[in-house]
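In what follows, structures are represented as structure tokens.
Below, chain A partners chain B and then partners chain C, in two separate complexes.
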Partner chain A sequence: MAKVLLKNLKKSYQNNQIIKNINLEINDGEFIVVLGPSGCGKSTMLRMIAGLEKVTEGEIYIGQTNVTKLEPKDRSIAMVFQNYALYPHMTVYKNIAYGLKLHKVPKAEIEKKVEIAAEMLQLKDLLQRKPNQLSGGQRQRVAMGRAIVREPNVFLFDEPLSNLDAKLRTQMRFEIKNIHRNVKTTSIYVTHDQIEAMTLADRIILLNKGEIEQIGTPNELYESPASTFVGGFIGNPPMNFISGEIANKYLQIDSLNSSKIAGIRPERIQITDKERETNKNECLIPFNIKMCESIGHETLIYGNIENSNTELIVKESSHSFVKNKKINLQILYKDLHLFNATNGKRL
Partner chain B sequence: MEENQKFSTALSHFILIIGIIIITFPIYYALVTSSQSLQTVLSGKTTLLPGGNFLENYKEIFSTNKNIIQGISIWRLLLNSLIVTICITFGKTIISIMSAYAIVYFKFPFQKTAFALIFLTLMLPIEVRIVPTFQMASSLNFLDSYQGLSVPLIASATATFLFRQFFMSIPDELCEAARIDGAGPLRFFFDTILPLSKTSIAALFVILFIYGWNQYLWPLLITTKQSMGTIIIALTQMIANDGTTPWHLVMGVALIAMLPPILVVVLMQKWFVKGLIDSEK
Partner chain C sequence: MEKRAIFNSKLFPYFFLAPQLLISFAFFFWPALIAIWQSFQEEDAFGLNTEFVWFDNYIEIFKDSNYITAIIVTIIFSISVTAICLIFSLFLAGLANKIKAGKIFYQTLIICPYAVAPAIAGVLWFFLFSPSIGYLANILIKNDIHWNPSLNGNHALILIILSASWKQISYNFLFYLASLQSIPKSLLEAASIDGASPLRRFFDIIIPMISPTTFFLFIMNMIYTFFDTFGIIYTTTHGGPGYSTTNLVYKVYVDGIVNLNLGSSSAQSVILMIFVSFITILHFRFVEKKVHY
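So, the complex of A and B:
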């Protein structure tokens, strides 16, 4: 159990800055998800906390200890890797016990700890198997068991579920959440999957090009994205953006001009067929439908605003739309997000 | 279609059988010759059927009093060969696995240069560097010794390269997991790398054993005393220039010299194939 503190953390390879000055405080017992597109530096950041990458500049604290220069084994961390990284020649039991053995824990105690972990992860019947006799989900559990028995101050997860199929991923997500609820160890979880991020995180850190775009609870990121990047990254399909000039034609908002961008979530747009009077809370935008995609419980409608090439995506629960049909989009002003057009920051 | 398949099966068998005949005929001929008396062999009337002197000839070869070459029994020669081969096989395996480990897992200055140099020696067969090697061995007082017979042959670019390729196929995360678990470089080597390399080592063992056993040129140079000769060297020395060569015994010794490599291959075949085709990851 410990806080994690990153102070002015920087990492560069040759002249290439991967991590640009990250400052972050993670509370004791918190589940933090680091989210971002590939190449944003999220894995590098995690590996720096683990001690697998050298820190170019800055400091890392775990608890009260400055661990910036410590070896991974001395940092009281445990890590779960994307490809599990189990020792192929050792049984499940030995895989889980290996770290304890190296830390010279007495044999009886190892046995007890492995048993508790195996119980928690439903691995009891598999302890004598080798990793190649296990399914993906079971391997992931062993990897987790290996982390749990160490009783570290911090758990580090590096995209642990990306090698699993969709169904198993959901199940394991649930299990990870459960385990965290049980052991309450500070966890840092790296992923590019926003569903994982939204469901697991106490707070999400959204990284872009080595910088923090936004830190906040999943709802904060969804409801009030700090920039166009966050809006475009969180939510599926992503937020629609309308340039100020175009929006100005239809939206009666003061000072909406070319220096601003309006954002609206696809699921917040309503479709109305009829021409009708608008009240002061809403506006109507004429819209050409180009394509509809039905994904069962809802339909994604692709198209553009009439007389412009601004493309929008609309999420609807009804299916009664015909291709190339002209319709009106109804937008409530309270659902609009405004951003600065030059730097993309929220206004 | 079926006709066609039958034909192709027959053809492939036919070709295989021809290959087998070509390869085994000399061995069969040696076996036949070694079962005949010297007179029969020399009379030129050797048949393709075994003669009646098989046991006698082999008893003679294996008798401790029998000098295969001047003053040396076959047991001594076999022992020499075995010691040298074992030294070469184990030496090569140990050195190459350690150097490959260093090259793959450690960052040090001139790392690439070191690998390039090792790789370069692949292009220089022993014949090319034999004179300077001999000079070095002789100045180290390695002449007529087991060290002399084995040490110069121990460094192996091929084996190093093979292990390097294998290590590079081991995911980096395994090494990182070990670091997090608290295993140092030596621990990681013995606990993880070595067990994982088992099949590769076995495959290499077979190749290196045959290589070591069949050494000819180097033992010929480095030994002058008959007592340090290997069985392969002795075999050529049994062939005299003056027409007194005991051909029936030469053939027998040749067959005996072939046995250990065959034994190694047969016993380790399963591992050998596994090591070449499968990567247990």
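So, the complex of A and C:
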């Protein structure tokens, strides 16, 4: 159990700065998800915390210890890799026990700990198998078991579920959450999947091009994105953006001009009749439908604002509107997010 | 859907196999059969009379103290060369796997000896270690080591062990490098997080992961030292001084071509044939059983 502290953390390969000045304090027992698009430096950041990658500049603290220059084995961490990285020549039992053996834990104690972990992860009947005799989900569990038995101060996960099929992924997500609830070890979990991030995280760190775009609870990121990047990354489909001029014209907000961008979530837009009285909390936008996609319980409507090339996506739970090509969208002012047009930051 | 081509004629397959069978027969089976036939015969010194003598040649061989010496020389030679090749090439491959700059150059350099013919390799090392003109021999002699492979049997044996190893390291290196490169990096990282020192990682992860390669190379090196080192011995020591560097294959040559004792020479070849068949079977058994990671 420990806090993790990153101070002015930087990483460059040759002259290419991959991680740009990251400052972060992770609380004891917290489940942190590092989210971001592919190539933004998530793995690099995690591997620096693990000690697998040299730190170019800055410091890393785990608990009270400055671990910046320590070997991985001296950092009291355990890591779950994307490809599981199980030792193929060892049985499941030996895979899980290997770290304990290296730390000279007495044999009887190793047996007890492995048994407890195997119980927790439903691996009891598989202990004598080799990794190549296991399914993807079982391998994933062994990798988790290997991390748990060591009782480290920090768990590190690098996209641990991305090699599993959708159903198994949901199930393992649930199990990871459960395990964290039981052992309460500080966890840093890297993923590019926002569903994983939203469901697992106490706090999400959204990374973009090696910089922190926003830190906050899943709800904070969804409800008040700190920038257009966050709005566009969180939510499926992503937030709609309307340039200031267009917004000014249709939303009748005087303060909106070309230096601003308005954002609205697809699921917050309502479809209404063509002609209607509006009250002071809402506005209507004329909209041309180009295409509708039904995904069972809901429908995605693609189209553009009349007389402009601003494309919007609307998420609806009914099918009635589909026949009409020209409709009105109802937007509540309280659902609008305003951003600075030049740097994308929230206003 | 059936993807194989199906031929109705029973003769057709044999037509396709014929070239392979013909070559195998003409260059492998026929000579082997002759060797087996000859190993049961004794010819007089002038080649005028041959007599069928059953297993006399075989019995004679094992009474010959030179043959026992050749077995011992072969064992020392093979084990030494195999050990040197495996250890040294793994070391070089480990380095080649680490470095970043000049990788291609370094790898090419190490592979070069493999392109040198055994006889030339022998000559090369003969000159390097020749007491009067050899560069390496000079260094030894300057350091008060009375180096003389043409008089000292142990020195001669060391010389052919070095030349044979030098040539075979390239081959081992290539396989080890490929094998090392196929170990996922995350395995070693996982081990280092688990608390393994570099030495532990080497023994607990790398050695087991490359063990199929090691076994393959062990067999290949054995076959190499048994059968392919004739050229090296011929050009460096001629099996001498005395019988100190005469291994089993060289003795086949000496007894057959130099001493013209064809019966004994053939019997020795047959023994070697049995040995190589045994190794090959062992190899295939192992390869079949081995789990592939």
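Operating definition for what follows: the second predicted complex is superposed on the first by the 343 of 347 C-alpha atoms of A that agree within 3 Å, B and C clash if a C-alpha of one lies under 4 Å from a C-alpha of the other, contacts with A are read in each partner's own complex, and residues count from 1 in each chain.
Please note the rule applied: a contact is a pair of C-beta atoms (placed from the backbone, for glycine too) under 8 Å apart; a residue touches a chain by one contact, two chains touch by 3 or more.
Fair warning: this is a prediction, and the values are worked out from it, not measured in the lab.
Annotation for the three-chain superposition on chain A: chain B and chain C clash.
By the touch criterion defined above, A:77 lies against chain B and chain C together after alignment on the C-alpha atoms of chain A. Contacts of A:42 after superposition: neither chain B nor chain C is touched. Of the two partner chains placed by the overlay, chain B and chain C both lie in contact with A:52. Once chain A of one complex is fitted onto chain A of the other, the partner contacts of A:87 extend to both chain B and chain C. By the touch criterion defined above, A:173 reaches neither chain B nor chain C. After overlaying the two complexes on the shared chain, residue contacts for A:260 are found with neither chain B nor chain C.
Shared interface residues of chain A (contacting chain B in one complex, chain C in the other): 50-52, 71-73, 77-79, 81-83, 85-89, 98-99, 102-103, 132, 146. Touching chain A in their complex are the following residues of chain C: 184, 186-187, 189-197, 200, 204-205, 208-209, 291, 293.
Residues 50-52, 71-73, 77-79, 81-83, 85-89, 98-99, 102-103, 132, 146 of chain A touch chain B in their complex. By the touch rule above, chain A contacts chain C in their complex via residues 50-52, 71-73, 77-79, 81-83, 85-89, 98-99, 102-103, 130, 132, 146, 150. Contact residues of chain B toward chain A in the complex are 171, 173-174, 176-183, 187, 191-192, 195-196, 198, 280-281.
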